[in-house]
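Across the two complexes that follow, chain A remains constant while its partner is chain B and subsequently chain C.
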Partner chain A sequence: MSVRLVLTAMATAARRNTSDRSGVLVNAVFYVVVASVLSALWRAAAEANGGEIAGYTMVAITWYALAAEAATVSLNMRTIELICDDIASGAVESELLRPAPVLGVRISMAVGAALPRLALCVAVAAVLGPIVGGAPPSTAGVALAMPALVLAVTCNLVAQHAVASMAFWARDVRAIWFLYQKIVFVLGGMILPLQVLPDDLERAAMVLPFMTMAYVPSRLASGHVEPELLLLQLAWLAVLLVAAHAAFGAGERRLQVVGG
Partner chain B sequence: MTETVIATRSLSKSFAARGRTVEAVRDISFEVERGERLAYIGPNGAGKSTSIKILTGILHPTSGDASVLGLVPWRDRRRLTMRIGTLFGQRSQLWFELTPRQSFRMLAAVYRMDADIAARRVAELGELLDATELFDVPARTHSLGQRMRCELAACLLHGPEIVFLDEPTIGLDLLAKQRFRELLVHLNESAGITIFLTSHDVADIEHVARRAIVINHGAVIHDADVASMRRTLLSRKLIEVTFADEVPAPMLSGVDVIAHTGTTLELAVDTAVRSVRDVLDDVLGERRVIDITVLDPPLEAVIAEIYQS
Partner chain C sequence: MSPVLATMRTAFAEAWSNRAAFWTQVTAIVLNDVVWIVFWILFFRRVGPMRGWDRNSVLVLLAVLATGCGFTFGILANARRIGWFAADGDLDAALALPVSPLAHLLVRRVDSVHLGDIGFGVVLFLAVGDPTPARLAVFLFGVAVSIAVMTGFLVLTGSMAFFTGRTTMADMGFNAMMILSSYPVDIFVGASKVLLYSVVPAAFIAAVPARLIGDPGLGDAVALVVAAVVFSGAGWAAFTLGLRRYTSGAAWTRA
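After this line comes the complex of A and B, so read on.
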C-alpha cells in the first residue's frame, strides 16, 4: 500500500470527521468532563493516601488521567461494531472491488479520523491540566507522550480491526465489542494506572497489548521518562498489524468463497 | 472485428443455507462483445447480483469458468478492478460528509492515478454528466438523481472498459431514470464502454440495452436482442384510467380489460396490434378523465410470457 494512499485516506477521513463541527465540539466537551472527573477522583484518592498513590503524585495522576482519556476519547470505541455492521451489510464486500487493500485503507481512515480529535484533546489538556492539577511533572515526558498517543490510538484501532474480523464468521459480535472495551478500560490502563492493580493482574497487563492503548502515553505524560515504552508500542503495533492482516485476510477469503 | 470481453462457461454457484444447498447461479454460459449494452435481468433472487459478484471477482464460483477482459476475475481481482467500473444502486462510493470532488481525490489515490490526470478526468466527467456544479457540494445534500450522476462519475474516474451496474435506477423518479438511461447510452456510444446492466425495471432494458439476458432461479431462460424482445415480449403496455363518470368496458382488438369498476379501467394493450395512442383515443373520446397512467408490465409478467412462449 503506497504512502500516498495512506496519507490520502487519512486526510479524507480527517476532513470527513471535522466536517461535523458539532460532533467535534461534543467530543471535546465529553473529554473535559470525563478527564476532569477521573483526575479529580484520583487526586482525592492520592490525597487520602498521603499525597501519592502507587508512585504517582497528585500532579502526576492528573496528567495520567488526561493522557489516558485523550487516547481513548479521540477514537471511536465502537469501531468493532461499525466494522461488523459493514461486514454484515456487504460494504466490505464492495470495497473488494477496488485495487487497494481493504484493511489498509480502513485502518488509515480510522487513524485519520481519530487524529484531529486527538489533537483537540491534547490542546484541551494543555489548558485543563495546569488549572486542575498543575504544570506537567516532566517536559520530556510530555514530549514522549505525543508520539505515544498517536501509537496508542493506532494500536487500539488495529486491534479493533483484528477482533472485528470475527464478524466474517459470526454475524453478531457486539458482546465481543463490550468485552474488548472493558479490557481496555482496566488492562489498558484507561481508568487506572496499571500499578494500582493487584500484582498478578498488573504483571498480566504489562505483557498484553492493551497497555499500549492508554497506559504507555499516560505513564510518559505523568513524568516517567521511559522512552523504551515507545519501542514496546512499536513492537506491539507490528504484532497487531500481522494479526489483523491474517484475520481480515482470512475473512476476505471466506467472503469470496461462501459469499456475504 | 468483434472482441469478446466477458465469457462464461457453465458457471455455477451454490451456497449452504440452513442445512440445505441453494443454487444461486446454475450452469450459466454467455459471451459479451466489447461495446455491447447488455441488460442482465431477472426478478429478485434470480441470481443477478451473484453473477456480477463472480464476474467482478469478489465471489468464487462453485464450478465453471469465466473470463473478463482476458482475466479470471476471482484470481486476478486486483488487476481486473483497474479495468472495470462498478455501480451499485444501493451502495455509495462517495463519502456523504464530503463533496464528490474530495471523494474523487481519495478514489484517484486508490486507482493510483496521477493527481493532474485525475483532475482533468473529473473535469471531463463533470461536463459529460452535466454534474460539475454538483462536485463541490457535500454529497449528503444531493437528491438521489444527482447522487447517482456523481456515483457514475466515481465509477468512471479511472477509465474502465466495462461498467457493471446493479440496479442503478432503483429509487429514482421518472425524469431522473430517463436522464440516467440517456447517460448510459451516451457513454457507450461516445466512449465505447461496455455496459453490463442488471435491473428488474423493464424500461431500463428497453431504453438502454441492445441485448438482454433473462435469468430466473439462477439459470438463463432467454438471450435475445432487445428489438426482437420488444416485438415478442415487451409489446404489452398497461393503461390505468380514472374517469369522472361511469364508463362501459371497451371491446377493442389487442386490448384486454384487466379490471373495470365503473369509473376506473385497467387495460393491457398489445402494441403489436394497436398503439397506446389509438387505444387512448378510442377509450377516452370526449369523456372527462381524472387520471391516466401508462406502465410497462412488471418483469415477472415478461418472464411468465417467456415460459409460455
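After this line comes the complex of A and C, so read on.
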C-alpha cells in the first residue's frame, strides 16, 4: 500500500470527522469530564498517602490521567464492534473489490479520524492540566509524549483490527469489545498507573502490547523522561501490524457472502 | 394485561429469541463489571480508605450502579434513544397507539447485554453488602431511586433534541452521567461536587444510595425521593412539551 494512499485515506477521514461539529463538541466535553474525574480520583489517592502514590506526585498523576484519557478518548473504542458488524453483514465485500488492501485503508482511515480528536484532547489538556494539577513536571516528558500519543492511538487501532478479524470465523463477536476495552483499562494503564498493580501483574502488563496504548504516553507526560518507551511502541506496532495483516488476510480468504 | 405490560413482554421475548447472543452478551457485561471490582480492589489495596470511602463501601456503590443501570439500559433501553427518535422524526409508530407514547417507548425494547448488570449488581450486594432485611430494603429503595433519576435525566436530555434537532445534549448527558456516577462523590470538591447534586445528578445514581445503605439517615432518604420526583417529572415534562414540536420523518420501524 503506497504512502500516498495512506495519507489520502487519513486526510479524508480527518476531514469527515472534523466536519461534524457537534461530534467534536461531545468529544471535548467527554474528555474534560473523564479526565477531570480520573485525575481527581488519583489526586485524592495521592493526598491520602502523603502527596504521592506509587512514585507519582499529585502533579505527575494529574498529567498521567490527562494523557491516558487523551490516548483512549480520541479513538472510537467501539471500532471492534463496527468492524465485526461490517464483516458479519457482508458489507466488507464491497471493499474487497477495490484496488487497495481493505485492512490498510481501514486502519489509515481510523487513524486519520482519531488524530483531530487527539489534537483536540491535547489542546484541552494544555488548559485543564495547569488548572486542576499544575504545570507539567517535565517539558521534555511532554515533548516525548506527543509522538507517543500518536503511536498509542495507532497501536490500539491496529490491535482492534486484529481482534475484530475473529468475526470472519465467528459471526457474533461484538461483545468482545467490552473485554478488550477493559484489558486496555487495567493492563494498558488507562485508569491506573501500572506501578499500582501487584508486582506479578505489573511485570506481565509490561511485556504485553496493551501498555503501549495508554501507559507509555502517560508515563512520559507525568515527567518520566524515558525515550526508550517510544522504541518499544514502534516494535509493538510492527508486531501488531503483522498480526492484523495475517488475521485479516486469512479471514478474507474464507469470507462467504450470501445474497447482496 | 395492560398494553404497557404486554409491550414489555414482547420486548423480552424478542431479546430472548436469540439465546446464544443473549448469553454471550450477558457473560461479556458481567466480565466487564468484574474488571471494575478488580480495579477497586487494586486501588484500595494501594491507597487505603479515602475521604470516608473504603473497598466495601465502593463495591456497594458499584452494586447499586450496576443494578440501576441494568434496569434502565436493559429493560427501559429506549430511555437513551429518545434523542435519536426525536431528531430523526422516528416516533410515528408510537404516536399512533392508544397508550402513553413515553411509557410505550420506554418498555418497547430490551437490551439483553445490560440484563447481566442486574444479576451482577444483586449478587455483588449479597456478597459484600452485609445483607440484612433492613439493608436489603434500603438497597432496593436506592436502586429504585437510581432508575427513576437516571431514566428521567436521560429522557430530559434526549428530549432537548425536539427543540434543537440534534442529539448532542443527550450524548453529553449520557456520557457525563455514566462516568460521574461510577466514582465516590467525595473525591470531588467545590463547584464540581455541587454539579453532581444538581445539573448532572450523578450523586443520586449510586453514591448517595450507597451512603444510605451504610449509614441510614432521614436527610439522604428525603434527598433521594426529591431527586427521583424532580428528575422523572422533568423528563416527562420535557418529552410532553417536546412532542408539540415533533416533526415526522415518515419512519415507522425503529420506535
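Descriptive notes on the structure:
One rule holds in what follows: the second predicted complex is superposed on the first by the 255 of 260 C-alpha atoms of A that agree within 3 Å, B and C clash if a C-alpha of one lies under 4 Å from a C-alpha of the other, contacts with A are read in each partner's own complex, and residues count from 1 in each chain.
Convention: a contact is a pair of C-beta atoms (placed from the backbone, for glycine too) under 8 Å apart; a residue touches a chain by one contact, two chains touch by 3 or more.
Predicted model, so just to flag it, every value in this text is computed and none were measured.
Residue contacts after overlaying the shared chain place A:Ala44 against chain C, while chain B stays out of touching range. Of the two partner chains placed by the overlay, only chain C lies in contact with A:Leu179; chain B stays clear of it.
Using the contact criterion defined above for the overlaid structures, shared-chain residue A:Val207 touches neither chain B nor chain C, since it reaches no partner. When the two complexes are overlaid on their common chain A, residue A:Ala54 makes contact with chain C while staying clear of chain B. In the overlay built on the shared chain, the residue A:Leu231 is in contact with neither chain B nor chain C. In the superposition on chain A, A:Ser2 makes contact with chain B only, not with chain C. Contact residues on chain A toward chain C in their complex (touch as defined above): 22, 25-26, 29-30, 33-34, 36-37, 40-41, 44-45, 48-49, 53-54, 172, 175-176, 178-179, 181-182, 185-186, 191-192, 196-198. Residue ranges on chain B touching chain A, taken from their complex, read 13, 15-16, 24, 50, 53, 56-60, 74, 77-79, 81-82, 86, 88, 91, 95, 97-98, 102-103, 105-107, 109-112, 138. By the touch criterion given at the top, residues 2, 4-5, 8-9, 12, 15-16, 19-20, 90-91, 93-94, 96-100, 105, 255-259 of chain A touch chain B in their complex. On chain C, the positions that touch chain A within their shared complex are 20-21, 24-25, 27-29, 31-32, 35, 38-39, 42-43, 45-51, 113, 166-168, 171-172, 175-176, 179-180, 183, 187-188, 192.
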